[in-house]
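We just call them A, B, C, D, E, F, G and H in the order they show up, numbering each chain from 1.
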Amino acid sequence: MELMINGEKQEVEANTLLDVVSHFNLESHLVVTEVDGQIIDRDQWDQTTVKPEMKIELVHFVGGG
Amino acid sequence: MKSSKLVIAGKELSSRFFLGTGRYPNPFIQNEAIRISEAEVLTFAIRRVNLDAPSEDAILQHLDQDSFTYLPNTSGASNAEEAIRIARLAKASGISNWIKVEISADEKTLLPDPIETLKATETLANEGFVVLPYTSDDPVLCRKLEEAGAAAVMPGGAPIGTGLGVLNPYNIGLIAEEANVPVIVDAGLGSAKDIVEVMELGVDGVLMNTPVAKAKDPVKMAHAMKLAIEAGRASYEAGRIPMKKYATASSGYTSLISR
Amino acid sequence: MKSSKLVIAGKELSSRFFLGTGRYPNPFIQNEAIRISEAEVLTFAIRRVNLDAPSEDAILQHLDQDSFTYLPNTSGASNAEEAIRIARLAKASGISNWIKVEISADEKTLLPDPIETLKATETLANEGFVVLPYTSDDPVLCRKLEEAGAAAVMPGGAPIGTGLGVLNPYNIGLIAEEANVPVIVDAGLGSAKDIVEVMELGVDGVLMNTPVAKAKDPVKMAHAMKLAIEAGRASYEAGRIPMKKYATASSGYTSLISR
Amino acid sequence: MELMINGEKQEVEANTLLDVVSHFNLESHLVVTEVDGQIIDRDQWDQTTVKPEMKIELVHFVGGG
Amino acid sequence: MKSSKLVIAGKELSSRFFLGTGRYPNPFIQNEAIRISEAEVLTFAIRRVNLDAPSEDAILQHLDQDSFTYLPNTSGASNAEEAIRIARLAKASGISNWIKVEISADEKTLLPDPIETLKATETLANEGFVVLPYTSDDPVLCRKLEEAGAAAVMPGGAPIGTGLGVLNPYNIGLIAEEANVPVIVDAGLGSAKDIVEVMELGVDGVLMNTPVAKAKDPVKMAHAMKLAIEAGRASYEAGRIPMKKYATASSGYTSLISR
Amino acid sequence: MKSSKLVIAGKELSSRFFLGTGRYPNPFIQNEAIRISEAEVLTFAIRRVNLDAPSEDAILQHLDQDSFTYLPNTSGASNAEEAIRIARLAKASGISNWIKVEISADEKTLLPDPIETLKATETLANEGFVVLPYTSDDPVLCRKLEEAGAAAVMPGGAPIGTGLGVLNPYNIGLIAEEANVPVIVDAGLGSAKDIVEVMELGVDGVLMNTPVAKAKDPVKMAHAMKLAIEAGRASYEAGRIPMKKYATASSGYTSLISR
Amino acid sequence: MELMINGEKQEVEANTLLDVVSHFNLESHLVVTEVDGQIIDRDQWDQTTVKPEMKIELVHFVGGG
Amino acid sequence: MELMINGEKQEVEANTLLDVVSHFNLESHLVVTEVDGQIIDRDQWDQTTVKPEMKIELVHFVGGG
């Protein structure tokens, strides 16, 4: 289905947020997720159903001061 | 020579040097600089994963996570709302409830927004974050941030990345004199001299990134800055001599040979 | 972090910190300060023995003579002739052929006399002394002292004992840039910041007395100054970032969450 | 006899410079001597005869910067 | 040598020097200082009439009211509400709708409260006052004051009455560079040099009180400050030479006699 | 506002501003700048006539010779002998027996040679010249130049043409405090602020060239500098307020409305 | 009657604010008045009745920076 | 004859220094002259004979600081 991930339209086959994270091979990364403005904890990924047009943010830490 | 320890939100820190993790030539130099600096508190930024190359910049994979206190910043936020959102995302990672509030609407100077910074500090402190706001060197604003629940205040020496040093030592000294929470000078410093200068003004620590990361030799500079922090603190505690307008001989003028 | 060594007249010194021996609260604090400072070169003055109490001030009895290089000064001399006489007496003691030429006619400022200092330096260098003249920060005069045979030049940061710091960083930097002998900043510095400032200008070492001896805690201050010397040298060698008028973010502005 | 030592008249019984140094118990000290403007090394003390009115300097190191 | 005029809220001012009316030795010296200064804008404070001696301090009785623009201040106010009340009282006098917003909660530093100053500025601007807020030198705050309707912004050089000069020339220069309303440096300056320094940074004017009123010779100092304002403005408009690290001869090295 | 007059070698000067005549865009701007500056003392250099175009640079043809005091310099001389030769040639022109001794061996810094400058000053003073030596800011050297017969001493603020300003205000102030002849700050100043700064230190005048000649608008800058000289002198005579660490209100805290 | 003027209890015979101002000989001064928090313009003084316990402020300009 | 003027060889027909100055049309200028290291005042120009190889300096004022 079509999702808005990190501000860009993406075509992803997924039922849960975990599927989305897996799609980008990010399970092992220290990634934080937000769905339609709600932060979803890692342990909720597999129980969080995703629907078309949902706004998903996948963020992580980068170098900074 | 023991020095009293710095304590922030109940955490005792053995180093007064906070180090940023941006702009190093490569991760290996960065890690070596971090090791040499003996910094315990490291700052980071939060950004979207680059979906085309997810592993890029995943800074933490290079670090032994147990030995540090992580201080994510809210860089990129131009108001309190954005900063609060970034702070919550950072906390959700589970690695830290410390947050450096950094809010700027001006990309030329990156100077912090006093009003929005105060708002975000109050909200996040109430949510249980350990809040260290990056602020201007306005002593009144620093007092308000303290009252709003800041665990420490972080006035800038000069705009981020300029290396101009301490533009207003008077204000920094006044803030150190009046604050009831630790004062960490953040941003704008350029050299070891700048660090010693602010430490001698009585501040509790320094947060630096560019002067180490962009030095010709970042690892040696990390060492220099570590020594500077210790030198400045020891000098502050040892109590410097007063300045005098005229000279004083280091030997008496009695018993001169030729008189 | 190794730093290149300082060499004066063929002698390799492991410390760039020269320490004076005047004005300490007592010999025990003095010796502890000397130990902590890790200074290898110690300065002294020459005076008449007080015939009523000969042992007073016999400074050297408190020191292990082998581990130091002694640098007697000609303080009290107001012209070249007097300085030369004092230098010869110092050398006759057999403990050192190094001499700090210090000639001043003005007890208010104790500023060095350029003409007499140059004369004495030339004569003593020709007699085989290792001459380290205390001089003003006039770069042309420093060059002439070098040409006259000085083993190192020692421009003052400010008048002796004032603690005013480096009154003219431009000149000190210019001297360091042009000199072919080591440059040791002597006199006037007040704090660890001042030391780091001059070391970052590229000078080879610092000679200090009052700021250590008269600090509230001379031993801790000796430690601070030692660290400052190392911090300043490492910073100089590591190559500081250039100063910029406007800011530079330590994280990029791509991948911002809220854009 | 009367000698001018360190700028002051002193009455000292002495034949040699060594006697003068001993008079003030300075043999063991790191003291340097000058007689009428001439520096006299320690090993010459006992061979240096002193005469009335001679100007003698007895100097040593003191703390200084 | 004509200079462009300063215009605030549509009023063209022929002098860039704003003068305070406090702390003069006596009214006669004050009036003479005002006359010599050629200042057009004069500041005042509002206080309760002393009911035991009503005529005391009735400052305006000494002045020809038509030739000046009056700028009452809200000194004594520690929050926006108090400042607004004082402003309304001042306006009710009918002599001026200009107001210098001055809000401080700290009697030691008298530094302005950024939050309350912004609040009061917004409210009073909406009520039709010509608002000139005394503010810290925080460039972001100055921009917000401008957005809130300030007719000019008045960053302080240093705390009121200290005479410390311009503690942060960088910030003052940045404010002058970015502001869309006139910038008047208020408070902390001590001498004519300080005035020329800020005028060369591009600010539009200076407000001073203590350095004139408490000078040994207030009238001559008023003259000095007037000249300094003109010198600084002319220098700014004439465009100074760039700074260079090394020297440049003022005559060529061709045609030297001895070559 | 009258100020006491400056007198050099018995000549009373109505202006404390000495102006150089090199590097102007053209003779017309130069003459207008000279007129506006109200300078009475003008400096020149001596060079060989260009035999291919004799009239070039014949500076004096553009000036009304009676209204000025001419101060030729010995620029280009690298030792006393060359300077003395140039001085005698200048005097032989019959237009002036004043001479600015300027001796430099270093084309990078153009800093004056203290030894040769002292020699030339002594010789020329004995020959009846009115000698104004350009010197470093070494207070001891300035005293020796005075003793050697200098009619005034002219310490540099910074290297010629750099516009760096007063590198060492302490030394300049000390020289002004101790000198028995007029002190004219020569070289290195860049702006009107620099002039006021040294005048407030108590010096008697300023000699400038590049900052006027190379300003974007030399004529307006000449005006700015003239005003700066007057402002600085008046400020010095009026007696500035002392600096204080903490604030002082310009109105009392009694009779506050809201208490 | 008793009025609270400039923060102090004062006994003044007055019907109007003008009487109060006159009591202190302030008519000719550039004085501004506030009664119970309301600013009263000069031309309203004679029509402003004062009652016991009223809070009155009489303020003016003093030297300031 | 050949003269060394201002450091350069010059071929000039001249008996006196005045002739040399005139040769370059410098009579009217504020020029100062030196012959073989001796300064020659303007009023001596016509009485100063020049000989081959003489070193002559013709100098004047230029702008300077």
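Methods note: contacts are C-beta pairs under 8 Å (C-beta built on N, C-alpha and C of every residue); 3 or more make two chains touch, one makes a residue touch a chain.
Since we're looking at a predicted model, the values are computed, not measured.
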item: Partner chains shared by subunit A and subunit H (touch criterion as defined above); value: none
item: Farthest chain relative to subunit E (centres taken as mean CA coordinates); value: D
item: Computed distance of Cα centres, subunit G from subunit F, in Å; value: 63
item: Cα-centroid distance, subunit A relative to subunit D, in whole angstrom; value: 93
item: Intercentroid distance (Cα basis), subunit F paired with subunit B, Å; value: 46
item: Whole-Å separation of chain centres (CA-atom averages), subunit E against subunit F; value: 32
item: Where subunit E touches two or more other chains, by residue; value: 20, 22-23, 45-48, 75, 89, 109, 111, 160, 164, 209-210, 250-251, 255, 257, 259
item: Sequence positions of subunit D contacting 2 or more other chains; value: 6-7, 57, 59, 62-65
item: Inter-chain touch pairs (all); value: A-B, A-C, B-C, B-D, B-E, C-D, C-F, E-F, E-G, E-H, F-G, F-H
item: Subunit B residues touching subunit E - in the complex, by the definition given at the top; value: 104-106, 109, 111-115, 118, 136-141, 143-144, 158, 164, 167-168, 170-171, 174
item: Residues of subunit B defined as touching subunit C within the complex; value: 1, 20, 22-23, 36, 45-48, 50, 75-78, 82, 85-86, 89, 107-111, 159-164, 190-193, 195-197, 200, 209-211, 213-221, 223-225, 227-228, 230-232, 234-235, 237-259
item: Complex interface listing, subunit D residues touching subunit B; value: 6-7, 57, 59, 62-65
item: Residues on subunit D engaged by subunit C in the complex (per definition of touch); value: 5-8, 10, 24-26, 29-32, 34, 39, 41-42, 57-65
item: Subunit B residues within the subunit D interface of the complex; value: 250-251, 255, 257, 259
